[in-house]
Amino acid sequence: MAEALAFYTLSILILGLGVAVITTPKTVHSVVFLVLNFLCVAALYVVLQAEFLAVIQILVYAGGIVVLYLFVVMLVNLKRQPEEHQDPRRLAKVGLVLSGAVLVELAAIVVYSYGREPSSVSAPSPAFPVQGNIEELGWLLYTDYLIPFEVASVLLLVAMVGAIILARREL
Amino acid sequence: MLDTLVIPLLKIVVLLNAILISVTFMVLMERKVIAWAQSRLGPMRVGPYGVLQAIVDPIKLILKEDITPVKADKMLFSLAPILSLVPALVAFAVVPFGGDELFYVADINVGLLFFLSVTSIGVYGIILAGWASNSKYPLLASLRASAQLISYEIAVTMTLVSVILTSGTLSMVGIVEAQLADGVWYGFIQPVAFVLVMIGALAETNRVPFDLPEAETELTGGFHTEYSGMRFSLFFLAEYANIIVISAVTALLFFGGWLRPFPNVEALAFLDIIPGWIWLFGKIFLFLYLFMWIRATLPRYRYDQLMRIGWKLLIPIALANIVVTGIVKVLV
Amino acid sequence: MATQSAPIFDTDELVINMGPQHPSTHGVLRLVLKLDGERVVDCDTVMGYVHRGIEKLSENRDWTQIILLTDRMDYVAAATNNLGYCETVEKLLEVEVPRRARYIRTILAELQRIGSHCLWLGTHAMDIGAMTVLLYAFRERELVLDLFEEYCGARLTYNSMRIGGLPLDIPSGWDQKVRAFCDVMETKLPEYEELLTNNRIWLERTRGVGVISGPDATALGLCGPPLRGSGVYRDVRKDEPYAAYDEFDFEVPLGTQGDTYDRYLIRLEEFRQSIRIIRQALDGLPEGPIMGKVPRLLKPKAGETYHAIESPKGELGYFIVSDGRATNPYRLRVRPPSFCNLQGLKPLIVGHLVADVVCLIGTIDIVLGEVDR
C-alpha cells in the first residue's frame, strides 16, 4: 500500500516536473526542474529497492551532468530570440513524427503484455553467491552482462575522444 | 512505531541542533585560531574571552534586514540558500559517531556514495545564488563554482574508490569496522588517497586556497555578494556544516573513526577507557583546525591553475592509486 | 590555426566595473573590464574620484603651507612627499640645507619607504589571498608610525619638513629606537619570506604574471620598482643623489623577468637596503643646526625648476614655476609615480584573468590620492 502510494506520488511529480521543464520560459528554471525531476526518479529507484542506482542517479545526473548544463546555460546568452527557420512548420512536423512513434510504442507494449501473467517485482531472484544490492549488481555486470558492460565503456571512451577532438581543433 | 519513527526522529532533532550550535561555535573557533595565527586576540568583548560571540553573531544576522535585489529572480534567490544548506545537513544522516546504533541516524549499504551524491547537490545553492542575483560578480562566481565542483568531485570520487577497494564495503560503519578488522587506520595504507581527499575537501567546501567562488578580494564576496541577513547566514551555515561533515568523513575513512590509535596493539588497550565518540570528536577537531590553519597560511589559487590541478594532477593520481590498490589487493 | 568559425552560441563579452568600490582597487580606482569568460580582453582605467585640485590649490598658498598639501597626495608616504617638495623649493631658492638635516631627512625617507612597502606587501598578499601577511606587515608598519609619531606628533600626514631644513630635531633616544626598529624589522622579514617567497601558490600566482620588458617599461614611463623589476637601472637616489644619499653605500636591486614575482623580490630587497641606509645614517649622524639660512620672506626669483626624488612608489618629481613677484608659486606640477605606473596597468592586465587583475593592481603599488591629486 505505502509502496503504491509512493510510486504514484512520485510518478505524478516526475511527469509534472517533466512538463514544467519544457514549458518554463526561463532556461535556468527548466534546468532546476530537471534536477528536481532527477531527484524524484532517484526516489523512485529507492522505492524499487535499487539504492545503488538511486545514489548513482543523483551523483552522476543531478550532481554532475546538470551542473554542466547550468554552466553552459549561464555562459551563453539565451535572451535573444531563436532565428526563424526556413520552414516555419518544421517543429510541428517533427512533433507529429515523434508523437506517432510514442503512440506506436505504447500500443506495442499494450498488445504485447495483453493476456500475459503479470510478473512480480519481488520474484525470487536467481541465487547469487554474494549478498547485498551493490554486490549483486557487480556480480551480474561482471558475469552475465560482461560484454554489454565492456561495449558501453568502449562507447563512452569513443565519445570522450570525439569530444576532445571536437573541442581542440589542432592537436 | 517507536523503533521506526520516534527514535530516528529524536536522533535527527538532536543531531540537527547539535550541528547548528557547533557551527556557531566553530565560527568563533575559526576567528580565534586565525587571530592567534596573526598575532591578534580575536573577539574579546562579549563574554569571557569573547565566548558569547558565538551566540551574538547569529542573533545579529537574524535581525539584519533581508534585502532582495529588484532585478533578482525572486524564486531562485530565495531557494538558493536553502538548497545549499539542506544537502549539507542531510549528509550527516550517514555519518556514524560511534559503532553503536545509538550514534547514527542510518547505516545504509551505500553510505559513502550517498554522502558523495548529497554533497554534490549542495553546489546548486551556490550556482543558483550567483545566477539569481542578476549581478555580474556573482555570475562569475557561479561559473567558477560549477567548473570547480565538476573537476574536484570526479577526483574525490575516484580517490574514494581505492578506499572502498581496501575496505570492501560502502557502508560508513562497515569501513570503520574493516579498519578494526585490518588493525590499521586506512590513512596509513592509503596515504595518497588521504592527501587527495583533503585537497578535494578544501576545494569542495570552497575553502582557502580554493575559495574562488567567494574570493573576497576578486569577486567581492562572489556568489553571496547580493545576500544579506538570514539568507546570507544560511550560506555560512552550509559552508561550515560541510566542513564539519567532510572532517568527520575524513576521520572515519582514514583515521579510524571512533577507534583508538593502533587498534590492534594490545598494549594500548587502556586507551579504550576513553569512549569512541570522544576519539572521533577529537579527530574531527583536528581536521577543523587544519582547515583553519590552512586558511591563515596560504594564498589563493587562480581559476585556471585550480582546474589544471584537478584534471591534470589529482585525477591521474587517483586513477593510478586505484590501479595500485587493485594490484596489491589481488596479490595479497 | 583552423579557419575562424562563427560562434555557435551568442557569447557576448561581459563588461564589468571593477571599482570604484571594490576591496582590491586600493582606493577609488575604477576599471571597466571587458571579459571573455574570465579573460580580460580590454580594460579602461577611470580615475579622478579623489581629485582635490592640489596643484591648483598650491597656486594660492604660500610656500610653507604647500608642504601640508603634499602630505595628502601619497598619504601612505607623506614624508617623501614633503622631502621632494622642500628640496625643489630649496633648489629654486638656492638654499643650502645643513648636513644634519639632510641626514635626518634621509632617515625619515627610508623609514617611510619601509612603512609604505609594509602596506604594499600586506595588501598585495591580501589580494592574492594570503591574509596573515597583511596583519604581520601592519604590525611592523605600526612601529614605523610610532617612530614618526614620536618625531613629529602625527602618524599619517606628518608635515615633517620645512624649506631649508627640519622643524624639529630628533627627540633624545629616538635614534636608539630607530636602531632597535631596524633590528626588529630584520628579524621580521624572514617571516614574510617564509609565508610567501617559496610558497608554491604564491609562485604560481606571481611568476610570469604581468610580464613587461625593459624597453616597454621605459616607453610607458614606468618608474620605481615596476621599472627596476624589468631590469632597467634607474634609481634617483643613485642617478641624481639628493638629501644625503651620495654619502651612503647601498645597492639597487634589479629584476630579470619583469614579472610580478620580480617586483615582489625587489621590494623585499629594498626593505633590507633601507635598513642598511638608516643604520649608516645613524652611525654618521653629524651634529649641527637643523635649519639652513632661509630668508624670512620666501620669495624666489622668477624661474622654474624640476627636481625628483625616489619615493617608495618611484620617481616623484616636482616642477615649480615662480614669477618672482608673489609669495606663492605661479604653477606647481607634480610628476606622481603612481600616476605614471598606472599607465602601465592596461598593457599588464590585457590577456590575463580577473584574478590576476587584482594581483597586478597590487604589484604596481598605486595610491589613488597621488594619482588624482
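First chain written, first letter: the chains are A, B and C, and each begins at residue 1.
Just so we're on the same page, a contact is a pair of C-beta atoms (placed from the backbone, for glycine too) under 8 Å apart; a residue touches a chain by one contact, two chains touch by 3 or more.
Just so you know, these numbers come straight off a predicted model, no measurement behind them.
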Chain closest to the assembly centre - both centres taken as Cα means: B
Chain whose Cα centroid lies at the greatest distance from that of chain C: A
Centre-to-centre distance between chain C and chain B (centres being mean Cα positions), rounded to whole Å: 43
Rounded Å distance between chain A and chain C, as computed from the means of their C-alpha atoms: 62
Whole-Å gap between the CA centroids of chain A and chain B: 30
Of all residues in chain A, the ones touching two or more other chains: 75
In chain B, residues with contacts to at least two other chains: 139, 143
Contacts with 2+ other chains: residues of chain C: 37
Complex contacts: residues of chain A adjacent to chain B: 26, 28-29, 32, 35, 39, 51-52, 55-56, 58-59, 62-64, 67-68, 70-71, 74-75, 132-134
In the complex, chain B residues that touch chain C: 34, 37-40, 136-137, 139-140, 143-144, 208-209, 211-212, 215-220, 295-305
Interfacial residue positions of chain B with respect to chain A in the complex: 73, 75-76, 79, 108-110, 113-114, 116-118, 120-121, 123-124, 127-128, 131, 139, 142-143, 146-147, 149-150, 153-154, 157, 170
Residues of chain C defined as touching chain B within the complex: 14, 16, 22-24, 35, 37-38, 125-132, 135-136, 139, 195-196, 199, 201-202, 204-205, 353-358
